[in-house]
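One chain, chain A, links the two complexes that follow: it is found with chain B in the first and with chain C in the second.
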Partner chain A sequence: MAYKAILIALLLFIPPLFGYFATFVALIAVLFAILTVSWHFMEKEAGWASLGHSIPFGISAYIFALNPSLVILSLLCSLLFLALSLTSRVLFPFATFIISIAFWQISHYFVFDGKGGEEGFSVLVSIPLEIVYTIAALLFVFSFLFVELLSRSNLGLQINATRDDEIASKSIGINPVHLRVFSFAVSTILAMISGILYALTFGHVSPEVFSPFYALFPFIASTLALNKRWACLVSSYVIVALSHALSAMIPEVHYVIYATVLMLFAVVRKNAENL
Partner chain B sequence: MISELLTAFFYSVLSISVLLCYRAGKILNLSFASFLTLGAYLSAFNALLSLPTGALAGYFLHLATRKLNVANSTMFSLGFAIAIEEMLRISFRTQYLLIPMQRVVVLEESILEEHLLSGIISITFLAAFFTFFFSQRLVVLRIIEEDYEISEIYGVRTERIRAVVLTVTSSIVCLLGSFQHSGIVYPTIGWHFLIFAVIVATIANLASKPYPACILFASVVSWLTRLF
Partner chain C sequence: MLRICDLSKVYGRTIVLRGLNLDLKEGTYCLFGPNGSGKTTLLKTIAGFEKPTSGRIFFEGREITCYPAEKIAKMGIIMAFQIPRVFWNLSVEKNLFLASKNKKEAREVANLFMLGEEIELEVKKLSQGKLKLLQVAMAFATKAKLLLLDEPFAGLDAENVRAMLEILRELKGKRSMIITSHRPKLLHGIADKFFELRGGKIAGSYENPF
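Right, the complex of A and B next:
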């Protein structure tokens, strides 16, 4: 346990010592790590694997750019997840993925007050990068501890029981729909935090926030982390650092990583379960 | 009107392919998005190349996913789709590829010649599909759709049929991709079509006769896309 805490602390505290660019890259990794933790909670604890976490991520970023006081409205995304969960656990990932692609396509036509469209919106709030990084690091620690404590609590055990057997959990008085709504809401709130941090980091929000890159990132990072929550930060760093390092040679290198992980997914997950 | 009709035929074939792969092949084939893109890129050289290329890609997909369950097969197809798109992006090193198109006038309506060809291919496929699907020759396909495990117990060669379904639908989709674009081709062009096809297939899957329902819903989608 100690070495995990030391590794996380090193990944959070060392990058600012190496200047602006390292802090910027680390900030992107940390905000993606929060998104991955949010996804991981919904997948591992509640049993709903979403490939559409770019929806709460992107919507919160968009609303934050337009009017930060309305950002709470992005919590409604949990209701969208609830509606999509009616498809079944097997089809839920693909239903969320298709809807996220639909959001990506539609967002190109979203214009407000003569702005938006393919160009997107500029964020009105501006905060220095170092402060955003500090906030992001603190929020990552908070998200991680919150999800860790929640999954060990009585409520977390009820969520796990519903994931394993809905009918059995009903028989002992658990309402699976209430727990599903709660799980989706928790995951959506964490994805919202990540979306807001994204808007603050880049100062600009465009339809790209709904692209498959963001939709699939948590799944890829979690798979690379061998489904271990603490390792989500490490895998986020690996993907972001590799993308930046190799972008000069292959501009869309992250998609090459995605394709490889997705195609080897079955093997990787099988091995992870045996660890 | 002609244009809407041709688009409806195209979406019908695409949604039937999605549904057929899901029901008989146990895979939600998201690779169709990149097969459409692959076809569009190949049309810059020779559109007919897309037929064997699509067949090869479909057969490879079958080989790679034959031992996987629905979720993992679909995940693999998504990875395969991204891999093809990235291969095209890296090979062409350009954001857009411009392909010259020609217009023809049909019943006083000016339409793209390629869209007319796409419509003819779609109609041919639909005619062949409905002729064979409801005949005794393809009764095994309906048995597989009803219950995959039981059909194996009865000696139906499910793996072989899955290979044929994936190969044929992939080659047709790739061929249609060569003709369905509007002259501007980019790596993510196929997703736009696939979203509508998956929505149509999902709704049609709830109907008692899903394949004819695909044509009905595809017509509605085609009309709606033109409207907006």
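Right, the complex of A and C next:
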């Protein structure tokens, strides 16, 4: 346990010591780590694997850019997840992915006050990068601890139970729909935090936030983390750092990284069972 | 305790329950009959897992027809399925804790149902016999007033049948039960009354012969 905490602390505290660029890359990794923790909670604890986490991520980033006071509206994404969950657990990943692609396409045509479209929107709020990084690091620790404590609570146990068998849950008086709504809301809030941090980091939001890169990121990062929550930060660092390091040589290198992780998935999963 | 009035259930063109009537006081009851006679459908309809096509169900004077299963469970009717429905990735203790909401009681129930040695074990590692016992244990742990046990002996070897019978004898008097079985003779020392279900109707009944 101690070495995990030390590793997380090092990953959060060391990058700012290496200047602006290192802080910038670390900030992207941390905000994606929050998105991955959000996805991981919904998949591992509640049993709903989303391939459309770019929806709450992107919508919150867009709303934050347009009007920060309305960002709470992105919570409505949990209702969208709830509607999509009616398809079944098996179809849910595909349904969320298709809808995220639809958002990606539609966002290219979204114009407000003469701005938007493919160019997107500039974020009205501007905060120095170091402060955004500090906020992101704190929010990551908060998100991680919150999900960790929740998953160990009685409520978390009930969420695990509905993941295993909804009929069995009903038969002992647990309402699986209430727990599903709660799980989606928690996951959406964390994805929302990640989206806002993204908007603050780049100062600009474009249709790219709904792209498959963002939709698939938490799934790939969680896979690379061997499905361990604490390792989500490490895997986010690996993907983000590799993407930045190699993007000059190979265009769209993140997709190569994704493909590599997926190909190694079987081996990764076997190793995870032994950890 | 439980009153069923003119209950019917139709799947497509198949009539499974035909205007079934039943009035049960507290006690232990056995429902028997051939395959397809409607035993499981009746239990599922009482427990809220199936909606009746027509008819009404009352529990302790309150109508529960068409209530969702989780609400009926909270009111005190718990169903244990023929094929165990449990939480596969959780331990025996956590399964029982979810039902009883009390750690100490979960352990007591585990011991009562001969699951004490397996308490830390993940449910997916249990044998079929232990799974059946666990499901009945979970139903018992909820402190429900009425347990609906669907074929508790199905798929059990002789040793586990004996264990299940011992448990049911232990539960008799503590909880009301409706037990479906292909082998009503097994319940001759336990059930107060036997109902034969045939073609979706009560075809006959008799009191405990012992």
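One rule holds for everything that comes next: the second predicted complex is superposed on the first by the 264 of 275 C-alpha atoms of A that agree within 3 Å, B and C clash if a C-alpha of one lies under 4 Å from a C-alpha of the other, contacts with A are read in each partner's own complex, and residues count from 1 in each chain.
Heads up, the rule we're going with is that a residue touches a chain if its C-beta (ideal position, glycine included) is under 8 Å from a C-beta of that chain, and two chains touch if they have at least 3 such contacts.
Remember, predicted model here, so these are calculated numbers, not experimental data.
Colleague: After the overlay on chain A, what do you see for chain B versus chain C, clash or fit?
Modeller: fit
Colleague: In the overlay, answer first, second, both or neither for which of chain B and chain C A:Q105 touches.
Modeller: Only chain B; A:Q105 stays clear of chain C.
Colleague: Which chain makes contact with more of the residues of chain A, chain B or else chain C?
Modeller: Between chain B and chain C, B touches the greater number of residues in chain A.
Colleague: Where does A:F97 make contact in the superposed view: on chain B (first), on chain C (second), on both, or on neither?
Modeller: first
Colleague: Just checking: does A:S169 make contact with chain B only, chain C only, both, or neither of them? Give me first, second, both or neither.
Modeller: Second partner only, chain C.
Colleague: Should A:A2 be classified as contacting the first partner (chain B), the second (chain C), both, or neither?
Modeller: In the superposed model, A:A2 contacts neither chain B nor chain C.
Colleague: With chain A at the apex, figure out the C-alpha centre angle toward chain B and chain C and round it to a multiple of 10 degrees.
Modeller: Value: 80 degrees, nearest 10.
Colleague: Between chain B and chain C, whom does A:A161 touch in the aligned arrangement: first, second, both, or neither?
Modeller: A:A161: touches chain C, not chain B.
Colleague: Could you tell me if A:V256 is touching chain B, chain C, both of them or neither one (first, second, both, neither)?
Modeller: Touch partner of A:V256: chain B, not chain C.
Colleague: Working from the superposed arrangement, determine the closest approach of chain B to chain C, counting only CA atoms, in whole Å.
Modeller: Minimum C-alpha separation, chain B to chain C, in the superposed model is 16 Å.
Colleague: Which of the residues in chain A end up touching chain C in this complex?
Modeller: Its residues touching chain C are 154, 157-158, 160-161, 163-165, 167-176.
Colleague: Considering only the defined contacts, which chain C positions touch chain A in the complex?
Modeller: My answer: residues 47-49, 68-71, 73-74, 78-81, 85-90, 94, 97-99, 101, 138-139, 142.
Colleague: Which bits of chain B are touching chain A when the two form their complex?
Modeller: Result: residues 28, 30, 64, 68, 70-72, 74-76, 78-80, 82-83, 85-86, 89-90, 191-192, 195, 198-199, 202 of chain B touch chain A.
Colleague: Applying the document's contact rule, which stretches of chain A touch chain B when the two form their complex?
Modeller: 51, 90-91, 93-95, 97-98, 101-102, 105, 212, 216, 250-252, 255-256, 258-266
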